Amino acid sequence: MSSKKIQFDVIVVGAGLAGSTAAAVAARNGLNTAVIERGQQPGGKNFFGGAVYTHALQEIYPDLWDRNPPLERPVTETGFWFMSKDGMVKATVQGGKLNNDPIDAYVALRARFDSWWADQAKSEGAFIIPKTLVEEFIYQDGKVVGVKTDRPQGDVYAPVVIICEGVNNLLTQKLGLIDHDIRPAATALGVKQLISLPAETINARLGLPSNEHGLAISVMGDVSMGMAGLGFLYTAEKAISLGVGVTLEALRKSGVKPYELLQRYLNHPAVAPLIEGGQLMEYGAHLIPEGGWKEMPRLYTDGVMVAGDAATMVNALHWEGTNMAIIAGQQAGLTAVEAHRQGDFSSKTLSAYQAGLKERFVMKDLYQYRNLSRFLDSHPEFMDIYPTFLNDALGMFFSGFGKPKKRLYKDILRTLTSRRPLLKVVGDLVSFGRTIIGI
Amino acid sequence: MLHALVGIKQVPDTTNIRIDPETGSLIRQGVPTIINPYDAHAVAAAVEWKRKLGGKITVITMGPPAAVSALQECIEMGADKGILVSDRKFSGADTLATSYVLAEAIKKIHEEDPIDLIFFGKQAIDGDTAQVGPGVAVRLGYPLITYAVNIREVNLEEGYALIERKTELRNEIIKTTLPAAMTCEKEIAEIPYAALPDLIASLRYKPQVWTADEPVAYDIAQIGLKGSPTMVFKTGTPVQHEPGELIKAAGTSLDKAVDLVLNKIMEHASGAPLIGGKK
Amino acid sequence: MSRRFWVFIEQEEGKIHPVAGELLGVARRLAGEIADELKQKNETAVVEGILVGHEVDDLAQEAIRLGAERVYQVDAPEFKYYLNRPYTEALKTLVKKYKPEVFLIGATTMGRDLAGAVATSLKTGLTADCTQLEMGEARGTNKKLLLATRPAFGGNVIATIVCKDHLPQMATVRPRVFDASPVNKKARGEVIKEKIKVTPDMLNAQVVEFITNQASAIKLEYADVIVSGGRGLGSPKGFELIKALADELGGVVGSSRACVDAGWISYDHQVGQTGKTVRPKLYIAAGISGAIQHKVGMQDSDFILAINRDPSAPIFSVATVGLVGDLYEIIPALIKKIHASKNKGGQA
Amino acid sequence: MSKQTKIPQEELPEVYIDDILMSIKYFTDEQEFHLAIKDTDTCVRCVDKPCINFCPVGAYRLQEGGTVQIAVQSCIECGTCRVLCPPNNVSWKYPRGGFGVAYKFG
């Protein structure tokens, strides 16, 4: 067999949201672009809560809505549920500022969405090679000039490689862009069940007026059993997606089986009726790189850029990740185009990638929230005491009939102070504020 | 030089099918289509023998335009040419009409490039009928070897092959003249892991598409619904049985529960002798 | 005139396959279902067996005892061993001569090999692997047709199929789906010997060697007791425990598809839509969740004992009795008690 | 650092994970395993064996004699074991291209 060298202008590793975006942008600007994906299809290895954000999708494809994106429901109600052992306080917002056109966030299912997103890259001219695992880099004069895949005669060459390999960033580590594996304290494991129900049942149970309305909820409190983590609920068109994410550090110490933790959430008296009679469509789990700014690898080196989960581009509080991946992919794609224009693939040229991201919300937000993951890990009371207090307090407030109200307020306060001194409470709130403002 | 032909089918992956509890219909969302697994092994077997003898492999399928991806997968495995027989006029075909369409197409291929061996999977996992392969063999007048597990020898000079097939009582070796048709079990060959250049070539490969008129002019009375003697009269979901009694068997209740169950088996008609009770 | 309900009497090495008896029972029922209708037209329905082989006179008589009113016997050296083309030729010729209404064949390796070829040569319809058969009226016809019901899509759907304008209406039926009708030792019937011309080209494929196959020695379909293990065993080693219980009960080991897919046990043990259909007197399902494809293969067993940790496991919906608990505790306890009870039974 | 400690088992429902895994589509690689225990004795010496619990598909199973076996075919490639195995005793790589978990919905 002839061994003709397989050569492209740019290789993208991974056809997730970052990868297919980088490829689309590169191909659109005339580069001969390959995307190497290890799954049967793009999206087949991907798993999230979750939502995608129209601002990012439209930035890549201004004609987004003509392309029939496979979106489930727009997020028309969002917010927090605070869960105690047997109660739930719901603080959600609907209408008002959420009524943008188009709606800011849409629930999506990754297998379908990523596959479609990759098809869009294909329509821009990118060549997608599925079922192939990138294992190594090919170096020449110390610089990356291609990748080795696990297939026979599997070498692929290009002067620039964009790594969008996902949270298990083994290639990024191999390149020395970061000197350690992902850290248990800065990485969460998310487990999720997708449960199918008729659309009308979902609407009725969650108070949604039609299929054109949907929920995106973060659940705090007893859902994580005191571990640093959150639960979530999203509504697909004919299914509800329910999951829990906790840091690996907390998971290991707890001795809890993730699927039992999830089942406990599904059994909660405020959750079980929502999914009663539903059928399990899919269970799955995925790591979430919540380390953000502090755990971020170097984003580029000679001939290489890293984007998406592989570069810990996740905002753990806002559950943002897909939009960061898309914008980072876009910047990396554009930078590859510029490098080809200059004929220079050194890190000097590729530094434009990071500079571009610094101008965008991606790096700004990640910087602002840089202390969040450590904060949550060191303040378990946000997962435990406060949500329970909220449940107790509101429960008492609305049921304390026939009691002098002054005593009621005292009792309510005592449920908090008996668990955490008032001064500490104030301190917690202040430091939470500082963490999210980013000072 | 061997010219092997493989007949394949693209099927929904039935290992993952779910039923809508309200309508009783299939939930198609999230059900991937795949190349029928038995057919994939048939292709693999053909590739093995092409490597041994030299020659080429033509793959044929009847199906919707999306079935192109199944043919591409065959190219990836090492097949040389793919033909998609696709036309709205074929829709509604049962196994008899399907075997007609495939047999006529194969005759056409054979005219231009004589075929030595035809491979099919033993059955498709969506219908499980196992009729199309035998049907094609009959229409072509070829010897048929079903449930093939191993090809011992293909001798093109002398025009015979030795094929091992599985039966209920044993395996048997069949010596057949060529051309012959066979349907394959999974044991026939392992699916090869393609080299990257082959994978890339397959992704770029565009199979020929044959219609009901070109290059074979089909007899309209023998294709599609018209050519299908069987029709689906009704569909439904399997009957649910009445659930039986549930007994907890843990800790202290274990012994009692086991006794209770054994008694129930004894009481049940014909159960007693099984566990040593009186007849 | 009589309407003929035909059954292929599968035989190998001088033995009639049990499925033939089951099909004769079905054919008699089907014939009965249109008897009244035929009476008005002065017609009758008759159940006939088709026997192909060499030196099979005894088997023809046995087929009559099993329920055939008449047997057409093709008996010649060329038919000693099953070969697709001579057998297809025999069946095709007989059908053309006698024009049966319905033709039932066992969905065995031989039957499936044969039925597809025969139906295609006759250009008629064939419904494979049926689980229900009845005579009924289909839309747009005013005569009773064979309504052949079969599972599709891995057992998730059942479809009823008719063959409206072509004869015979052909169906294959899996072994153990139907009960055999009782053997009537006094039954007498006519045996008609038929000559079939076998041309040399029909013998282009020949059996040149037999290999005894270890795996096919497992006769799941006709076992009285089956103990099956599923994913809940946790590891392939779990089948040692399953085997121990099966041995204690004189039964055989079955498996769910999941274990076969995982390579824990060979395919020959698989019970279910893509494996074997079984109807033992006692079926024990241990650590099997009860996916539909498994249930369709065993739900007609006389007594089903399911053992599973999860009380909501779907297997319990078909179980006669369900034990909720750890199979690694329950099975050893079962083995102990059965052993003890057998010893006691032996003394009595 | 988190003050979180071990959570008592009785606060959690029992879940039969194998049934849940029936909802996941896999393309099982019968020729090559992508996960392996590096050294069986290391597992025997590992007191906590947290892998038995933390694996989200319960692929790590305790065997007689204190060894641990991996049900590789149920792996969903999340990476938890690679990161959390205390003695770093799991040889972890991705399955060959096209094999392994194939989410239908994600």
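Before moving on, here are some points about what is shown:
So that you can tell them apart, the chains are marked A, B, C and D in the order they are listed, and the count of residues begins at 1 in each.
We take it that contacts are C-beta pairs under 8 Å (C-beta built on N, C-alpha and C of every residue); 3 or more make two chains touch, one makes a residue touch a chain.
For clarity, every value in this text was computed on a predicted model and none was experimentally measured.
Of the two chain pairs examined here, A-B and B-C, it is B-C that is joined by more C-beta pairs in contact.
Closest to the protein's overall CA centre, chain by chain, comes B. Chain centres here are means of the Cα atoms, and by that rule the chain farthest away from chain D is C.
Averaged Cα coordinates give chain A a centre that lies 52 Å from the centre of chain C. Once the centre of each chain is set as its mean CA position, chain C and chain D turn out to be 41 Å apart.
Put simply, the C-alpha centre of chain B and that of chain C have 20 angstrom between them. Residues of chain B in contact with at least two other chains: 15, 18, 30, 32, 193.
Counting partner chains per residue, chain A shows two or more touched chains at residues 40-41, 111-112, 131-132, 149, 151, 281-282. Touching two or more other chains at once is no residue of chain C. In summary, the structure contains touching chain pairs A-B, A-D, B-C, B-D, C-D. Those residues of chain C that touch chain B in the shared complex are 12-13, 17, 82, 84-85, 88, 108-110, 112-113, 115-117, 119-121, 123-129, 138-139, 147, 151-166, 201, 204-213, 216, 224-225, 249-251, 273-274, 281-282, 292, 295-296, 299, 302-305, 307, 311, 316-326, 329-330, 333-334, 337-338, 341-346, 348.
Only residues 18, 21-22, 27, 30, 32, 193-197, 199-200, 203 of chain B touch chain A when the two sit together in their complex. Taken together, the chain C residues at the contact with chain D in this complex read 230-232, 234-235, 237, 258, 261-263, 287, 289, 291, 308-310, 313. Residue ranges of chain D in contact with chain C, taken from their complex: 14-16, 18-19, 21-22, 28, 30, 61, 63, 69, 71, 73. In the complex of the two chains, the chain B residues touching chain C come out as 12, 14-15, 17-19, 26, 94-96, 99, 125-135, 137-139, 141, 143-147, 162, 164, 166-177, 180, 228-238, 240-241, 243-250, 254-255, 257-259, 261-262, 264-265, 268-271, 274-278.
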